[in-house]
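A, B, C and D label the chains in the order they appear, each numbered from 1.
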Amino acid sequence: MLESYIKNKRREKEILLMTHIVLGYPSFDDCFQIVREMVDAGVDLMELQIPFSEPIADGPVILSANQKALANGVTVQQCIDFSKQVVRSFDIPFLFMTYYNILFQYGVKDFSSMMSDAGMYGAIVPDLPPEEGEEYLQAMKSCHLSPIFIFTPTTPDERMKKIASCGEGFIYCVARKGVTGSQTDFTSEFHGYLERCRKATTLPLALGFGVKDKEDIDFLTGKADIAVIGSQTIRLVDQKGVGAVGEFIRGLRSQIKGAEK
Amino acid sequence: MDHRGYYDGFGGAFIPEILVSTFDELSAAFQKAKRDPDFWQEYKEIMSTYSCRPTPLTFAGNLTRHFGGARIYIKREDLNHTGAHKANNVIGQGLLVQRMGKKRVIAETGAGQHGVATATMAARFGFECTIYMGEVDVRRQRPNVFWMERLGAKVVAVKDGTRILKDAINEAFRDWVTHMDTTHYVLGTACGPHPFPEMVTYFQSIIGQEARKQIISREGKLPARVYACVGGGSNAMGIFSGFMDDPVELVGVEAGGEGLDSGRHASRLSSDDASIGIAQGYKTYFLQDSDGQMKETHSIAAGLDYVGVSPILSHLKETGRVRFEAATDRKVVEALSLTIQKEGLIPALESSHAFAQAFVEAPTLSKQDCIIINQSGRGDKDIFTVADAFSDPGWKEFIMQKAEEYNA
Amino acid sequence: MDHRGYYDGFGGAFIPEILVSTFDELSAAFQKAKRDPDFWQEYKEIMSTYSCRPTPLTFAGNLTRHFGGARIYIKREDLNHTGAHKANNVIGQGLLVQRMGKKRVIAETGAGQHGVATATMAARFGFECTIYMGEVDVRRQRPNVFWMERLGAKVVAVKDGTRILKDAINEAFRDWVTHMDTTHYVLGTACGPHPFPEMVTYFQSIIGQEARKQIISREGKLPARVYACVGGGSNAMGIFSGFMDDPVELVGVEAGGEGLDSGRHASRLSSDDASIGIAQGYKTYFLQDSDGQMKETHSIAAGLDYVGVSPILSHLKETGRVRFEAATDRKVVEALSLTIQKEGLIPALESSHAFAQAFVEAPTLSKQDCIIINQSGRGDKDIFTVADAFSDPGWKEFIMQKAEEYNA
Amino acid sequence: MLESYIKNKRREKEILLMTHIVLGYPSFDDCFQIVREMVDAGVDLMELQIPFSEPIADGPVILSANQKALANGVTVQQCIDFSKQVVRSFDIPFLFMTYYNILFQYGVKDFSSMMSDAGMYGAIVPDLPPEEGEEYLQAMKSCHLSPIFIFTPTTPDERMKKIASCGEGFIYCVARKGVTGSQTDFTSEFHGYLERCRKATTLPLALGFGVKDKEDIDFLTGKADIAVIGSQTIRLVDQKGVGAVGEFIRGLRSQIKGAEK
């Protein structure tokens, strides 16, 4: 379902864009506004992060958004309600991104059913390696949801295959060591890594961590299926406000190329 | 990673994919070291020449007479180099780091004890060292920050989250996912993803091994009960592991803070306020809300002020092998005060929790019984907190006068 | 009193008549204890169960490589209970007090280390305890005052004279001449009237006994040199006495303060500023003027800041058996800093004098040689002084903020 | 010499008075004035204390006088000069009281010669038990000076005899444990002590430590040969000035009794 959506879209666009917001940050109203701007500007799919108090894999920008959202009193239920609203309002696939404890406290099965009811496509849970994910995998499968798993430069080929066998929809390829939000050097070493990813799976590849401008997207075009813009839009909202998002997104992909098609 | 370090459903390794190989490498190095009989020998050797293992088992004659019940023995981890059981763990991990050929270590610290221990180990082994410490703790525990810096460590004040221990752990993980090739994360307690709980317990088990031998040679029998305070659980696991297969009652004492009813405490296993969850890479009892967000905790002892607890202890709670109790801040200061006056020992505020509970129970035991209290660390480090607890006027005056000198 | 404790003219017992019987009683009790083989056994037993004797001998591999000369070993008296060699002396005297049936102890203290050690011993043995401390030192060493009070001791701030260590000694004597029936004066170093120099040396000799055995088992031979700092001389006499009859060069390091030329120092045996005199009950080298009035002394290390010195060391200086050197405050802080960074050890400022001199000499010795430095105590206690020496801004800020809390 | 002076005087008076000053405190001029007042008021002999930085056997009052004198820059030479002056001016025996280091630094022999030259009668050195005093005893003997030794309540009979055999002039009997300047309870226990002292020597007995008023002196009359007033006059000068000394001294001995004789 998610995989075929991506493959179809890829026939239209050389590279897809996935963006990331932290739910309730700066506020739910702002979030809704941001989603609208993003969708209008051509974003192809979105991660909605349910904030967690211990976001171990996130860098300073997203970390701080998590904390501020929680400080504002954001609850999981509010995040669910919001996701229902955006799914109803916008016609792109939405994924949850959060840490495993959020699912665990909600009840992993219930969480999947809820996602399914809400019309979500899948979830990214960065602290859940497949080895720990038995219950999760079953629940997601039975609800026809995509569990998105992660490749990293430190993942051996063997393990990539194993991970890919658990994942659905696409594989999230982390561009480099480190956390979200810092700079990535898209160098030659990086090619070797992406090649390894390609060999390990037939699933589409999303590439994230440090993607921040048109240059990065141009570089990734033809190499990955999806470019993930994470911290950069949050930083943008922090600095220039919600209104700046649309223009930023529109500037990321070469319009000419898009038009040529 | 095959054996995932589960203890009846507690534990595991909920780690970002980027760290999986690092954990595999660490697990392999640890398992190899464990199988190598020379390793434990080397470990014991350095602990006996660099620190002062075996640490003594002190008979507390005055406390025994005072309570009129069981004969009270105290295991003296406070005499370790750097003043706490933390030395056992950091030196053990230091030896592993050497074997893995890494050159840099990082660690989290709350009270600063584990940070000082790690910085000390790093100096001794010639590793580069960065210590993450919540900004609030940096401010509260300046003496330890001062020594860490003198020891050559970089101390990073973590400004995110609640700016205390758990946030320092998160930040250490963030460093690790970036620098895992050169860097080992020296986790300070028997928590975190597998193999940390097992590994830290392994190194701390030297406490229990010694204590068992010592009490048998002194008393000709096993103790009736063994008491240890429980922060992350490393000193408790360390001493308990020596008596696990014996008919000995094991008592873990958590931070009761301002009382279990107040909500301001850090009791995960002795209160109903905690529930099972997954955070910081492992599954255990956490003090969390119904959404799974971690709560703020409170204890007079910075080293016990933590939301999670060793998964092995959660398991031992479920099986009933360990009994868990809580001691309030007030009782802890009383126990500290009594121990100082009666025995000339200054337990750390953390350790004083174990004393407080033992003091409740000692009078109810027979004079033929003996008990062991694990004095996990020394209390000099706590002078700022203890002086405040006693509201000592001489101390306040001293500080105000020092401040005037600095202002001048 | 027949044998008057003379060492080639140094020593003696220049005491008020009222104390003569008390000294006779003490001498007799000490001699009897010395002849009783059980006594040393009992002493060793308590030192190994209440403190952590034998203290380790640590090989300082990094410092050895750094200086490229002799192999450097460090005798770890810092690991003793209460953090210094002072424990050896107070526990020994405590056992004597028990034998004499007295119920109260008094002591002088400068840095506060000996005061804390005595208060600790008193708590352990159940003695009443009063500590005399110069008013200046009370102000400088508040953390130790705080702990002494917690230990149940009464701390009397001496407002007479220069209000430092020597005045505290005088005041302790004044207490003693009033309460000698019930009270023992626990002198803190190998000074004072006979039998104190001999007695304190006797208890501290455990350091040298252990160190000799340890170095021979580690290196298969004797050290080329042994270094110890010299305040009153107890830690130096303690370690030296293990090597007195061996072909080992013994080096005592005094407080060079701001330099021997500056006059602001406390070097009695390594400078020309001292002369033989009689004060505080014994005859030795003193820093005094031509009238015989004691001079003010200076050292960054409170524990070395004293006008007199053990008569036994004065004797050993005259015979040439011990070489005496001085280390300046500046060199001492450098040595401390280097030792922390290279080995993860924090010697007390007093002990750091021995390190400073050893560091000067180690490179000139052969790699086949080994040397021992006596780390008489740990440096945590010195944080206020060391932080000032480093002019640490984080520390100052911390203190000023604490003061604001207290002012509020 | 000193002994015969005392014995002679005792024929005139039931009890003699010895007083104590710390040289240079409050000043040498004041000291001279005090000596004059005391001699005029009938004091029979005087201790001149050369201040020392470590006056181990002195209580708070004399201790503080020692320190203030030294802080004022008082030197041993000044004390010697002063003693010469008072010996010339007043016709009672003067003794030095000081600690052994003062003699030792001066040179014990030289100190004795100097005392002899100055016309002093003897010395009290409270930190010099006879066992340590060989050189001192010889020097004093060769200069015909009296070394004053001390009995205390803790001194056994045997030892009293030994001490007495070294002493000359008189024996200084310390009334009780403790240092100079505190209160003494002249109780029955005290009688036993004085009897022991009497038995041990034929030398006159001076009694000091805590003697402070007429009541004390009355009590001692008939029991001791000399009553020693130490701290009390220093306290008096501190509180009421030099001028109060004469009246105080005159009030100590029952004039009637003195008159009856």
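Note that in this section a residue touches a chain if its C-beta (ideal position, glycine included) is under 8 Å from a C-beta of that chain, and two chains touch if they have at least 3 such contacts.
Note that the structure is a prediction, hence the values are computed from the model and not measured.
> Hopping along touching chains only, can you work out the least number of steps from subunit A to subunit D?
Between subunit A and subunit D, the shortest chain-hopping route counts 3.
> Measuring between mean CA coordinates, which chain is farthest from subunit B?
D
> Starting from the mean Cα coordinates of subunit B and subunit D, work out the distance between those two points in Å.
66
> Quick one: subunit C and subunit D, Cα centre-to-centre, how many Å?
Spacing between the chain centres: roughly 38 Å.
> Does the chain-touch network form a line, ring, star, complete graph or other?
line
> Which residues of subunit C touch subunit D in the complex?
Interface residues on the subunit C side: 1, 4, 12-22, 160-161, 166, 170, 173-174, 177-181, 275, 277-281, 286, 288, 290-294.
> For a test of understanding, state which residues of subunit C touch subunit B in their complex under the given definition.
Interface residues on subunit C, with respect to subunit B: 48-52, 55-59, 62, 76, 79, 81, 83, 119-124, 126, 139, 142-143, 145-147, 149-152, 337, 340-346, 380-381, 383-384, 386-387, 390, 392, 394-396, 398-404, 406-407.
> Please give the residue numbers of subunit D that touch subunit C in the complex, ascending.
52-57, 59-60, 63-64, 67, 70, 75-76, 99-102, 104-106, 126-129, 131-132, 149-156, 159, 163, 174, 177-179, 182
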